[in-house]
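Across the two complexes that follow, chain A remains constant while its partner is chain B and subsequently chain C.
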Partner chain A sequence: MTLSHTNGPGRRGTSRIGALFAAPYVLFVLAVFAVPLGYTVWISFHRFYFTAPGAGVDSPWVGLSNYRDVFTDPVVGRAFLNILIFLVINVPLTVGLSLVLAAALNAKLPFRSFFRAAYYVPYVTASVALVAVWAFLFGSDGLVNHALGGLAPDPSWLVNTHLAMPMIAFFVTWKQLGFFVMLYLAALQNVSRELYEAAAVDGAGSVRRFFSITVPGVRPATTLVLIYAIITGANLFSEPYLLTGGGGPDHASVSPVLVMYQKGIEQGHPDFAAALGIVLMVFVLAISLLARKISERGE
Partner chain B sequence: MSTPTDHTRTATAPSTAAPETSSPATRGARTGRILQLTGLSLGAVAFLFPFYYMVVGSLKKTTTGDVSGALPGGFTTANYRAINGAISLGRSLLNSGIVTGGVLLCTLVFGVLAGYALARLTFRGRGTVFATLLLVQTIPFQLLMLPLYALVVRNYGLGDSYLGMMLPFAINSTAVFLFRQFFLQLPASLFEAARIDGASELRILWTIALPMARPALLTGVLLTFIGPWNEFLWPFLVTKNTDMQPLAVSLAGFLSNLQGTVANPTGALLAGACVLALPVVALFLVFQRHFTHTNIDSGVKG
Partner chain C sequence: MFRRTASALLALAMAGALAACARSGPDAVAAAKAHGPITVWLSNNAQEAAWGKQMVADWNKLHPGQHVTAQNIPAGKTSEEAISASVIAGNTACLVFNTSPASVPQFQKQAGLVDLDDFPGAERYIEARSGSLADQYRSEDGAFRQLPWKSNPVMILYNKKVFKKAGLDPEHPKLATYDQFLATSRTLVHSGAAKAAIWPAPSSEFFQSWFDFYPAFIAESGGKALVENGKPQFDSPAGRKAAAFWRSLYAQKLAPQEAYPGDAFGDGKAAMATVGPWAIAAYKDSVDWGVVPVPTSDGRPPSAVHTFSDLKSVAMFSACKNRATAWDVMKFATSRAQDGKFLAATGQMPLRPDLTGTYAGWFAKNPGYKVFADQTRRVVDVPNVAGSIDMWQAFRDAWTKSVVFGRQPVDSALRDAAGKISEILAEY
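So, the complex of A and B:
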């Protein structure tokens, strides 16, 4: 895909109209991304309270004090540990399942559009609707426990300290998988068909062809999957809030964004939440860069 | 960019790759194909079962978690009436519709203008705008929610307003990117000829570029629709007044603390979930052909 390429320069006379056309979008980005980002940084270095506009409350400079609070807060530590648990479950499952499904769906198959739609439906459906069904399925008196009988975990799935976070990771993997299947399907179009034919002539079986041609062929898409998984993990809110009732027992499934909400809005410490937001953003950037490095090594 | 129906190449089906193979290999290929179809079918059941369960559960007189609760039969519409009474479904749907419609309108009008400018016009700072567009798509919105909340609700006084709910999503950056990619693919000569004839840029955009970009517009609409319709966190923060809440928020409110108010709370909740899911699922199924990997691909590149 050509990113920086344009077909023919416009006339010089078009320059003002171009800026005019782009202006609403630029204003939007400034208002929704640039200004809030700057404001978060500012808030994170001050003692800050939510007040009515015009109410003269001081916001004194406090240096790194908010950051110190963030780093020493045990719930924040738990939230970041939870993202790691999420990634450890979500990333291998997502990469493995979506790549295998995409390879299967890329072939000529009966009912292919039905299968594609089936895997895609959870992705387009609202989390709130799906959380409602999962809570019903995995509740202590739910279908899964009825089917398992004596094997059902106690306490049940969503209220169990050890299972709450893995449940969220499974839920998100299930919900998002269709998106990644589509991503891999697109990437597979760029893998040369001749390679498969040559390998088949040389006697390579389908498993061998999958690992020697398909997997390396879609590596850039895998990097993208990794980065998306990390961003999803960093953004978790609705699932821990709704599926595990506000973060699970003993904060077992609390997420950084959920902590930001609880601290910043429920408990009135937006300065703490702003510092946490900055830490989270740095965390996302660092892991994304690391993921890119790892998956591009050996190319 | 190609149409979805082009992607019928076989990469992994051995049966079509080598028609001259000997009979044991063909048998192996057939077994592989059966395994493949079985695997895909099992997967499809795992993906669709919760939707089936949602619909069946929403129609039961008493919605229970035991095995009989998963079987069809004994249907009633009482749950739909119950959820309608508990959260005023019509009002919530109207709010969802207004917010989603407003976002769609802004994205189409301003997004098309920006996409056209980025693809077809030269202006100072175009490179910067494009770089920002790519960057913005990777910044998780949730990270900015607190300052946005402070600005929108406290400083601008837009709490409990449609404008406040729409603001962070007003112009979908992914859609802008999609429009740009599409306008780039149109032949340059078309635009030059129109310019030589003295047509204004707005006129070129309206009469030449837009009609040709109809598939991209449809994809843009589908991509944009999902976000604000399904969004929970932001409208949850911005609305305190239940009359202003979109369906995802009022349903979540019911899930968290109103369940005691109806006779069959699980059934009512699932009925609400069906109503929330239906518009997007229906839209997606109707336009499935347009909503394909090629579009997703161009939307996330960068």
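So, the complex of A and C:
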């Protein structure tokens, strides 16, 4: 009986009201995402630069020329390699640490609220302030080098070609961890307590319970964490910009978004930046889909 | 219904986007003759802002119908980025009293600048105020799109107290030749008097070369610009010597490879700094300073040493509706009287011939500035060429790789950079 209503006049009325309520958001999505994205694609196929109002400058079609420039620019290649280095370090660490910490913080611990807040503090603190802390710790004259003495790397952590990108990956892992712990904590609330009790009765230890109940139980959250961590990595800007002096040393920590900023804003080549942005978007989509396939395997 | 709503929304969004695209600026012919209120942007340097407010007050007292409002340049990573964004938005102030000559070709390409030659007598006025040095600030087509205003010739400022602590003579520092400079630097660092002999930012931003390589190259080459007649000049004996000198400083750990999070010279971490006369006001209460010219391989006398001008211009932007007033304000602000007030307020050097003669009284009272005033006679600026910022970025990339981090021999890095810059210049 109820189903028949969905095809009647009442369904149509509901649809109209729904459309009306959805309209502002549809408008917002069109204005803020769809139109700029379309415009970016258009720019990427033209010789284009930003001009003053009414300048009347031609923007000729150049086909794939901007994309060719992007693919042949060695700095862009280095930036994508850096992102891969970042992802290889950051993503497994983020998923592993946040899940383990969330599982620990979900148990009945003394000072549990304090620990939950402590992990979350870096996430809500401005990157600029945290970068200052890391510079204090890992600068050539920093606390860590003082502690290491002769064992300190030379050149130091943040200006070392081999260490700069891993340092950024560790920094971002540490900074974002609280957010991912919160996601997992939320997901853990939906894992049935009875399963743990049943497993305990069957003699499963805590490690077995973790891998057999917790890990599969939070799989949707893991997919979300993976994709979000990948997107965060692909959008890296503040950290290499602030922590390693604008992508140095020798582009060792430059990221695609940093290159977009340098080319598009500093050097006035928005066409190159637009093409790079599209390439980056496709890259993120591909990696995210791959991550989703892997995380949902066996479901 | 939903389809109609969606279609209407799409049409609305597209109309909005098209309306945003169909922007228009003021009519250039009418604006060139129009008088009325204008806005000017000033650097956020405290002394400079104070001068600007006083200059504007002086103007407003004399011209009540053409009110001028002074504001600081909107915040951004650099003034140039903030100005570029406002050029695109069409809301630039009429005049910007802090325009970097390196950005002028880009602003010109964006159709953001007003051609000053359009105003009667403008070329004559600019040449009269800046003498032969004005020619460096013409665009490639020969037009003036900036009025040379204030120069901060880069010299070596040193901390006398630190020199004394290192056992060096603070009144007669040995800094004229590369060998002397390196020996003095070693003494400063190895004695523990300072963490660094000198600490310019080793980072990758395109403009950082203006404070390490470029002054050294200008001095070593006897006054050559990075690019002349469309050809890079630094892949030359002078360029190689200047770069090798800096490589020695980094290789011997006399200059750190890491950026200092603050002011290394002001904090006493570096014994020397490459700065202009703006630094005198900034350090007067904290550092007992001395000043010498940029070193050269053969230790030329100070009167023969050229350096980087680090000049800022006044430019008029195309969003300006009352350009006749703007031009009058430009002349008023760069008049002999206002230049004198600017010099007194900031210690920065208006780029005018015979500065020390014109403002003899002020220099007599402030002898510390005289050496900078003398240096303004031998300054070289960034080349006024299209693709300027790309060019500087290409140079900086080669510099950080080879000179700062030693990952490529200096000579081959300069050769590669010269090749890349030639390509950039040809592309434009």
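The rule is short, and it goes like this: the second predicted complex is superposed on the first by the 271 of 299 C-alpha atoms of A that agree within 3 Å, B and C clash if a C-alpha of one lies under 4 Å from a C-alpha of the other, contacts with A are read in each partner's own complex, and residues count from 1 in each chain.
The rule we apply is simple: contacts are C-beta pairs under 8 Å (C-beta built on N, C-alpha and C of every residue); 3 or more make two chains touch, one makes a residue touch a chain.
This is a predicted model, so every value here is computed, not measured.
Chemist: Both complexes share chain A, so when I overlay them there, do chain B and chain C fit or clash?
Modeler: Overlaying the two complexes on chain A (C-alpha atoms) leaves chain C and chain B clashing.
Chemist: Which partner chains sit in contact with A:F114 here, chain B, chain C, both or neither? Use first/second/both/neither.
Modeler: In the superposed model, A:F114 contacts chain B only, not chain C.
Chemist: A:T51 contacts which: chain B (first), chain C (second), both, neither?
Modeler: A:T51 contacts both chain B and chain C.
Chemist: Touch check for A:G149: first (chain B), second (chain C), both, or neither?
Modeler: A:G149: touches no partner chain.
Chemist: In the superposed arrangement, which partner chain does A:L185 touch: chain B (first), chain C (second), both, or neither?
Modeler: After superposition on chain A, A:L185 lies in contact with chain B alone.
Chemist: Kindly classify A:I265 by the partners it touches after superposition: chain B alone (first), chain C alone (second), both, or neither?
Modeler: both
Chemist: For A:V35, is the partner it touches chain B (first), chain C (second), both, or none of the two (neither)?
Modeler: A:V35: touches chain B and chain C.
Chemist: With both structures fitted on chain A, tell me whether chain B or chain C touches more of chain A's residues.
Modeler: Larger number of chain A residues touched: B.
Chemist: Contacts for A:S127 in the overlay, against chain B (first) and chain C (second): which applies, first, second, both or neither?
Modeler: After superposing on A, A:S127 lies in contact with chain B but is clear of chain C.
Chemist: Touch test for A:V159: chain B only (first), chain C only (second), both, or neither?
Modeler: second
Chemist: Which of 37-45, 55-63, 73-81 or 397-405 in chain C clashes with chain B after superposition?
Modeler: Stretch 73-81 of chain C has C-alpha atoms clashing with chain B.
Chemist: I'd like to check the shared interface: which positions of chain A are touched by both chain B and chain C across the two complexes?
Modeler: Touching chain B in the first complex and chain C in the second, residues 12, 15-16, 19, 26, 31, 35, 39, 50-53, 132, 135, 139, 141, 245, 265 of chain A appear in both lists.
Chemist: Sort out for me which residues of chain B touch chain A in the complex.
Modeler: Going by the criterion above, the answer is residues 7-14, 16-18, 32, 36-37, 39-40, 43-44, 46-48, 50-51, 53-54, 57, 63-67, 69-70, 110-111, 113-114, 116-127, 129-130, 132-133, 136, 138-151, 154-155, 157, 167-168, 170-171, 173, 176, 181, 184, 186-188, 191-192, 195, 201-202, 226, 229-230, 232-233, 237, 248, 251-252, 255-256, 266, 269-270, 272-274, 276-277, 280-281, 284-285, 288, 291-294, 296-298, 300-302.
Chemist: Hey, which residues of chain C end up touching chain A in the complex?
Modeler: 1-2, 5-6, 9-10, 12-14, 16-17, 23-25, 81, 84, 87-88, 90, 106, 109-112, 195, 201-206, 256-259, 261, 317-319, 389-390, 393, 397, 400-401, 404-405, 407
Chemist: Within the complex, which stretch of chain A touches chain C?
Modeler: Residues of chain A touching chain C: 12, 15-16, 19-20, 23, 26-27, 30-31, 34-35, 39, 49-55, 57, 75, 132, 135, 139-141, 155-156, 158-159, 161, 245-251, 262, 265-269.
Chemist: Would you pull the chain A residues touching chain B in the complex into a rising list?
Modeler: 1-12, 14-19, 21-22, 24-26, 28-29, 31-33, 35-37, 39-40, 43, 50-53, 101, 103-110, 113-122, 124-137, 139, 141-143, 145-147, 174, 177-179, 182-183, 185-189, 191, 193, 196-197, 200-201, 206, 209-210, 214, 224, 227-228, 231, 234-235, 237-238, 242, 245, 257, 260-261, 264-265, 270, 273-274, 277, 280-281, 284, 288
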